[in-house]
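All chains are identified by letter, namely A, B, C and D, in their written order; residue positions are counted from 1 within each chain.
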Amino acid sequence: YGKNTIKFLRLHREGKQHFVKEVEVCAHLRLTSPQEYLEGNNSLVIPTDTIKNIVLVLAKKNGIQSLEQFAIDICNHFMTTFCQVAYVKTYVQEVPWQCLHEDGVPHVHSFICVPDGIRFCEAEQCRNGPLIVFAGIKDLKLMKTTQSGFEGFYKNEHTTLPERHDRILCGELFCKWSYGECKDFDFNCIWKKIRECILEAFAGPPDCGEYSPSYQKTVNCIQMLVLSRVSQVQVIEVVLNNTFYNVVDMKNLGLTNDKEVLVPVEAPYGSCACTLGRK
Amino acid sequence: YGKNTIKFLRLHREGKQHFVKEVEVCAHLRLTSPQEYLEGNNSLVIPTDTIKNIVLVLAKKNGIQSLEQFAIDICNHFMTTFCQVAYVKTYVQEVPWQCLHEDGVPHVHSFICVPDGIRFCEAEQCRNGPLIVFAGIKDLKLMKTTQSGFEGFYKNEHTTLPERHDRILCGELFCKWSYGECKDFDFNCIWKKIRECILEAFAGPPDCGEYSPSYQKTVNCIQMLVLSRVSQVQVIEVVLNNTFYNVVDMKNLGLTNDKEVLVPVEAPYGSCACTLGRK
Amino acid sequence: YGKNTIKFLRLHREGKQHFVKEVEVCAHLRLTSPQEYLEGNNSLVIPTDTIKNIVLVLAKKNGIQSLEQFAIDICNHFMTTFCQVAYVKTYVQEVPWQCLHEDGVPHVHSFICVPDGIRFCEAEQCRNGPLIVFAGIKDLKLMKTTQSGFEGFYKNEHTTLPERHDRILCGELFCKWSYGECKDFDFNCIWKKIRECILEAFAGPPDCGEYSPSYQKTVNCIQMLVLSRVSQVQVIEVVLNNTFYNVVDMKNLGLTNDKEVLVPVEAPYGSCACTLGRK
Amino acid sequence: YGKNTIKFLRLHREGKQHFVKEVEVCAHLRLTSPQEYLEGNNSLVIPTDTIKNIVLVLAKKNGIQSLEQFAIDICNHFMTTFCQVAYVKTYVQEVPWQCLHEDGVPHVHSFICVPDGIRFCEAEQCRNGPLIVFAGIKDLKLMKTTQSGFEGFYKNEHTTLPERHDRILCGELFCKWSYGECKDFDFNCIWKKIRECILEAFAGPPDCGEYSPSYQKTVNCIQMLVLSRVSQVQVIEVVLNNTFYNVVDMKNLGLTNDKEVLVPVEAPYGSCACTLGRK
């Protein structure tokens, strides 16, 4: 049980310069005894209202250096304060406020919301177990308009899809990775580096791109690049929900459509997911 | 990988009488080899477009006697047709069309959408493993305006919640249960019976209700009643996402508010989840 | 300016029997002077926080006999209390809680949310003008699986739609009507009667239905029936957003699909709207 | 009547360099005769399916130089092709794809979705009337963490809001403006300029900001700046839906919260709207 979508803004000021972190936190606990379920005995139950208070107090006291550190703080607090807690799991997601710029000059206290991929993290711990930290990015929508195909697939009497060596590849990415033994990482820096890896592996070189023979291979390329460049990552999961773009058949309308007008097919949509770790 | 939200309507006619089942299907596969991820070799990959075609063909050929039977049909088809499939999982969800009534008389071919709890099911199978079937109901919103409290909970310096013996209990229920060895069950009949159990356990007797000392206990009551009344259910998971209703303090406005005007608190919201099986 | 989505629950008790109205209210004002816009002078501005307080106080004092009466109460309060208000408009929408039944017996204090068409109303008034009341229903999803076609339409070189005399008609209805001079109407009773008219005009007789030659004609039938049966309605607007169902072509899959498997097309969707009044 | 959410991607290639415009179009018509409503006579009705075809054909033939030009093209086509069309209105909205950059280098064919304010436009025309063009931006979320207050407002017995001279101002902006007689404007350039005006008027100078005494005044500042800088704009409407941030009271938790931890209040939310034109 626990509390979901605890939303708050943490404002940090250094003179005229303001810094904001707006987050949404979920915090869930499992207690050592199920007596509240079986007997209606609430004596060990920490109310979800108290959980919310604790999250806000920790934000006030510690600030939010990084989502990951804040998630670790929450886990530590519950484990060290309440002996009736057998397991704690927390999820932290960021509202993507960015400093507003005017003619390239950053504003001291104004911000704009730019949701081009949402940063999140998770931390969980069993009593007597290690603290495990995950981080990730979600709702990252990417497209490439060439250098993508899908050929040589399995065919039988239910196959109607034609082979294509030049199609649009478009999808929403979800990536989540785990850090091994959680040392003193610079989580903000690592997160940015991984985001760059994802974009680079998806798109290929800026001047020519790189051919993708399937969504699956693109997922694998992302994973391989992250694992090779970022040593702190132990395991990486990638889910790619793809939107297919249909070339509109304009023959009946007397026109030849050379992949110039395409219609997105939002339902049904394909999905591929893969989890890859180190040996 | 697989295809999500394959939506279709299956229309069945008996003379002037029409019957509709509109569903949304997700079907996911894992293949015996990951060569498409590692090498970009698609020769074993069944395109998600073909997966969609197969789902539609099965709907045409078999109809939809029950969501569960249709999910079983899908699993069976993939397992028996494709030796490269190591695992198949399917999810089926119903659009809640109901026959339209005029003055109590059912209409032969007109329907109204009544989303008071969405029926769904899942089926999954590993090669050489058993076929496992789950069913459930989600998005079921219930409220009781008395016979609910929360007292005697754990308190410390972060506790600000007062004890209450008469509050509103309101939440959105998600229930999912598994059937054991899947015999020739009447899935439609069992589903209706379980829905009735859920409502009865939540609300208590119509003339007086039954006191709920916590969301957790209510979750447990639902599980216990279902397990006692419906022998085919092996394990039942219940998640209750609750909306708290705040009694508006009207003292500053010169009024006494005896729990007559309450404001729903939608974020953050509490959640409790429990999975209960038979010994 | 004003306050949107003021959500609250009004609980009314008669002994053990409870009655609930959960609503969402928007209340907007225009002031006699725009000085807060032009000069930043707030001296006439009623804060939106105060607007919210007033709505809650009226709910506490008057209860909610009907959405319409409550909207009228709000308008009256702002017009009579604040001479700087030049115009007031309020919108009230209901959360569709229904009494829970067990074996046909209604429960005294338990409710289930059944969103099969949402009831709403609006009231507006200019200073020195009449109070105008609208009521309506929205998000009402209906379908008929036969007795619908679309033929004889205008054709040119951009037409690819075939004529059809037996298709599925499915859509989401929005209806809004105005009452004339607002007397002492039984708004709850009238609303139910209009809902029945809408369903009857959409579906036709229960045993055979009635042929619809177009969405437009169906919209007109609904309007004509309401105007003929409910004398209090002066003008009625109907918007029908229709979902087209495509018969899946299964020839390539070796099957004949006699309108048994159809796929909903959710985007783009057609829409037709018409407003009809009395002479 | 008409067709809504006609979604498509227009791909334009210049050698290896790709340009994309993904849009969502709504196109609505009113015919000279209502005979399809009254008599079920469809002979003048242009099917919504044909409307969709025409939009796609125009995209193929003309490309999309700007949303506004495309909306004008659509209006012109319907007015000149169909004498039964009495009125046409079209709405075009853009999916915010941006060129992907790697280390500052733009990619030739890869794109990322960055929804920091959605561009849209409208065009409408009555037969024998002028073609009117609107453009706008919506879903633009902005925040300033100081230089905002609300004081000196009207008070009575229902007022509980305290005066504040330093609060957070956060909201979602909707701006829509009309161009006068529609000449050969550079719509893309004007749109960018107006977006910059909005940000500048909202935030004030980058090093210190500018005090906002109310949402209303900020709305007016945006309008005044746009009208003064962009001569092509005739009338500008701005709606600001604001999210209030509550400073969490931590006294009971033994802490002093100096506006460091704040909780967003998403419902109810305030809204202010104003339309301003030239003399």
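The definition used in the following text is that contacts are C-beta pairs under 8 Å (C-beta built on N, C-alpha and C of every residue); 3 or more make two chains touch, one makes a residue touch a chain.
According to UniProt, the chain labels map to these proteins: A, B, C, D = Uricase.
Not measured: the values here are computed from a predicted model.
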Hop across touching chains from chain B and tell me the fewest hops that reach chain C.
1
Looking at A-B and B-D, which pair shares more C-beta contacts?
A-B
In terms of mean CA position, the chain most removed from chain C is A
Report the inter-centroid distance (CA atoms only) between chain B and chain D in whole Å.
38
Please compute the C-alpha centroid of chain A, do the same for chain D, then give the distance between them in whole Å.
28
Centre distance in Å when chain A and chain B are each reduced to the mean of their C-alpha atoms
26
Shared interface positions of chain A, touching two or more other chains
7, 53, 57, 158, 160, 253, 267
Listed in rising order, the residues of chain C that touch chain A in the complex are 157-158, 160, 252-254, 266-267
Quick check: in the complex, which residue numbers of chain D touch chain C?
1-7, 28, 34, 36-38, 40-50, 52-54, 57, 81-82, 84, 150-154, 156, 158-161, 213-217, 219-220, 241, 267-274
In their shared complex, at which residues does chain A touch chain D?
7-12, 16, 18, 20, 22, 53, 56-57, 59-61, 97, 100-102, 105-116, 140-147, 168, 196, 199-200, 202-209, 245, 248, 250, 253, 255, 257, 259-264
